[in-house]
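What follows is a set of structures to go through.
Two complexes follow with subunit A in common, the first pairing it with subunit B and the second with subunit C.
== the complex of A and B ==
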């Protein structure tokens, strides 16, 4: 029996595979390092659309769209912890779920390692901003659904922004809003907020999450090949953008709270 | 909403609304009864009034077809992914249509993370019946090469916000997503036994029927509430769900619960539901 057979769902054939195409995708081959970035300048990020409070069943929520990346986030809590042991600090629980149609290849609904690693990154990024010491015996659940994915880097940074905005929308005390930005190193250049294709072509990527209002970094994740100077340069550029993102998030939270 | 009932009220109006919220929590049935006695529902609708519906198609580029439906506050996204598979031996010319609805923990506090809940399983099965049994798409049109290669359409819907009546919203999203789907032109190569697709030429699916559904809640054996909300749903005696196609011809009538008996009165109830469903379907068809 196929491994993805699940009695609790409507099942298709045991085995199916995505379509195989005759022609190769054109732009994967034609790109080279000398060519300038298409569509925007290297230090530009994709425009952010952020809407807090769309999910009225949740205590707080946020929907974020950066070009093709679309993420919905809901916060439930603080509510009573399921564990019986007493804990002085609250618990923050982050779960990420890819919708089956969010990636180029269909994601079977079973959880895989990718969800977990994304959840860990986002958890780390927002954890130190939440004042969990004020919420003994309670749990805050942050649920994130990725509706459309255009690069893991973008998902982590947008997911972090959405999670932080949703926590603020839920009225949970935080030290500051967390903003996040990613960068990819291609040759001599640094491209901010890379798409999936751009990230695949890069030598290394870096994701920064910070609280711009306090000037505190909450999470840095660097992967791939990068010199130390390059990484510092990436950090500086990301931090600059995070300040802009912070303004966008604060503005949209302000508008939502005024409207309600 | 976000402040919650624990906030201290500042004005008399706020104190009143807080009292109403507490009453709603503690005595949901009495709360609903008092509204219905005044011929109005808690959200201000008349009994037979539907919530506003909006439909947005094709916004997800990673899917072969997609739709987003908002029915009141209920939000459902649906994406279609086409994959290639071998047909079953006894149906060599038939493809597969695999609809599933996911009710993740994010859409409502009554769901927990983990495997599909009972409600999600029941809804997925009913959606499967409404789509596959009604013949929304002829499965033989999904055949690429008889006995060797057919299309499998995974129709996955995810509920983003569960504010009641997920079935109507999901069925609409699924039909709209299928209508929006473009699958690549495929050909089967007998020698290599491979199916290759063209990246440039994509063809729409040919749908033979457009089913839409209308759900009703029966409260207190006599009151018919169209399009019940998440607050009303658990208080209902029975629910009636009517699926009709674009004609509008009946596809299925599904009644669950105590309120429906074989008396003359209840037959009238079901007939009223069916005629209201036909009117509703005309409105939904306009969106598709």
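== the complex of A and C ==
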């Protein structure tokens, strides 16, 4: 912990607690089994806003917004690997950082701003789409900044979409665009693209990342309790929705490349 | 983990794909190496287990060795950390001796990855509550750490005993009494189960009538999940990969199942790892196959754990009598 301490910052007290707000009546999701989902139908996802090429100095970048989830992603590279050892395949580094104000509770810079499990999941999702065998001795860095967070599931799936779009924007050869979608099991129903509150109510969640153009699944990340039938049902629903997301990503990439 | 040359990798892959499939140690594709398990190895923990997969029968060395221990703590809910009803924190530490070739940064990353898998899987389950610390140490790695991790965790949790609690309150006596015996201790005489420390209205603290090695077994100890790792080398898959096999395959599928006899089988965690992809129909069939293999691991582990219970209680008592 000592080396993770930046004396140039105003660090604030060592122990602090976030203020507790009185929860408003409509704010608490008063859902119980047999009630329909509030705001949208179970298989609806939140609208996606995707803008590639927002960060000028990066080789490729993308900004994604799905309702309350806001993520910026920058891709640098391919550039020469710093290590001296020869590597036949290129390396893909993914780093995910939370901005301090992204969650209900402050994420202290340096200390808990970095989330490795998110980075591992997104890395797994994009890794098999990138043609790393064409880039020996080189490294591609993907930096993802979470500006606003509405549930870890949304962060992983939106982060994956942004990373894949940014890689395409950087002109790095990929086998296909990676689209990703999450699902939550509540009672008998399956809700796609759950918000943080919905995910907290659910028994289990599943995140699927795939390349819809090739029909290949690159990442599955399920947590919580689910029956096997439910999990396979989630897989099907997510894959179906990924095809739609793929169209959104392709469209926005096309528009950006036409505009420039 | 270990670095293999391309030639070695292709040798292992082609022998796995040959008919009949061949593995370096002569096992069939779905065979496990010998698993050795012992519970109650850490006397100061509330529950513990040690597991070894693939120990060499001749010299007693080698294999994946994992030590798991459960330590219970009491925490205050009002501070924000505690949760009403108790919580579970899983941690995995990897001994540097198990990974001599890894730099410390990579070791931290590996530790973190294993911790997040364990923690996410086991923690899905206000005043004062128990905090269950599940600490797992990887002593040596000879492949298939994940399966061993969950077997050890399940064994340790199975072995865990929660001390009974009794709620107490210290209060000043009402006016009218004389000065002597000014403080009175009020007790709630019911011996409640360990995990239920949600204290009645006015009681502020509790005491433990048990010694550290007594207590009740953890409620619902039957639902703790186990993991089965399917190592994919399409079109085949195999179980319990040794270290070299592990580094020569493109894709792994971790399936954590909870298979209590009274309920439907549940999938607790399900993850895909590796630089390759699969299609959805294959995943579905793999989940089905995984469930079958998970069930056989589950049954074997259950039998062994019951055996361990008998060994440590009944047989130990008999031996004490006939000494």
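By our rule, the second predicted complex is superposed on the first by the 240 of 260 C-alpha atoms of A that agree within 3 Å, B and C clash if a C-alpha of one lies under 4 Å from a C-alpha of the other, contacts with A are read in each partner's own complex, and residues count from 1 in each chain.
In this section, a contact is a pair of C-beta atoms (placed from the backbone, for glycine too) under 8 Å apart; a residue touches a chain by one contact, two chains touch by 3 or more.
Remember, it's a predicted structure, so these values are computed and weren't measured experimentally.
If subunit A is used to align the two complexes, do subunit B and subunit C fit next to each other or clash?
Verdict on subunit A: subunit B and subunit C fit.
Check whether A:81 is in contact with subunit B, with subunit C, with both or with neither, and answer first, second, both or neither.
Neither partner.
Check whether A:182 is in contact with subunit B, with subunit C, with both or with neither, and answer first, second, both or neither.
Once the two structures are laid over each other on A, A:182 reaches no partner at all.
With both structures fitted on chain A, tell me whether subunit B or subunit C touches more of subunit A's residues.
Result: the larger residue contact count on subunit A belongs to B.
With the two complexes superposed on chain A, say which partner A:109 touches: subunit B (first), subunit C (second), both, or neither.
Touch partner of A:109: subunit B, not subunit C.
In the superposed arrangement, does A:17 touch subunit B (first), subunit C (second), both or neither?
It touches subunit B and subunit C both.
What is the contact status of A:58 with respect to subunit B (first) and subunit C (second): first, second, both, or neither?
The answer is first: A:58 touches subunit B but not subunit C.
Once the structures are superposed on A, label A:141 by its partner contacts, choosing first (subunit B), second (subunit C), both or neither.
Only subunit B; A:141 stays clear of subunit C.
Given the superposition on chain A, what is the angle at the CA centre of subunit A with arms to the CA centres of subunit B and subunit C, as a multiple of 10 degrees?
120
Minimum Cα separation, subunit B versus subunit C, post-superposition (Å)?
Checking C-alpha atoms only, subunit B sits 11 Å from subunit C at its nearest point.
Quick check on my understanding: which residues of subunit A belong to both its subunit B contact set and its subunit C contact set?
Common interface on subunit A, subunit B vs subunit C: 17.
Per the contact definition, I'd like the list of subunit A residues that touch subunit B in the complex.
These residues of subunit A touch subunit B: 6, 8-13, 15-23, 25, 53-60, 68, 70, 72-74, 76, 79, 95, 97, 99-104, 106, 109, 141, 143-145, 147-149, 169-171, 260.
For a test of understanding, state which residues of subunit A touch subunit C in their complex under the given definition.
Contact set of subunit A toward subunit C: 17, 116-117, 120, 124, 127-128, 204, 206, 210-211, 214-228, 231-232, 235-236, 239.
Any idea which subunit B residues touch subunit A in the complex?
Residues in contact with subunit A: 1-4, 59-63, 66, 73, 75, 77, 79-88, 96, 98-100, 102, 104-109, 113, 115-116, 121, 124-125, 128, 152, 154, 156, 158, 160-163, 184, 186, 194-200, 230.
Within their complex, state which residues of subunit C touch subunit A.
Subunit C residues touching subunit A: 80, 109, 112-113, 116, 120-121, 124, 258, 264-280, 283-284, 287-288, 291.
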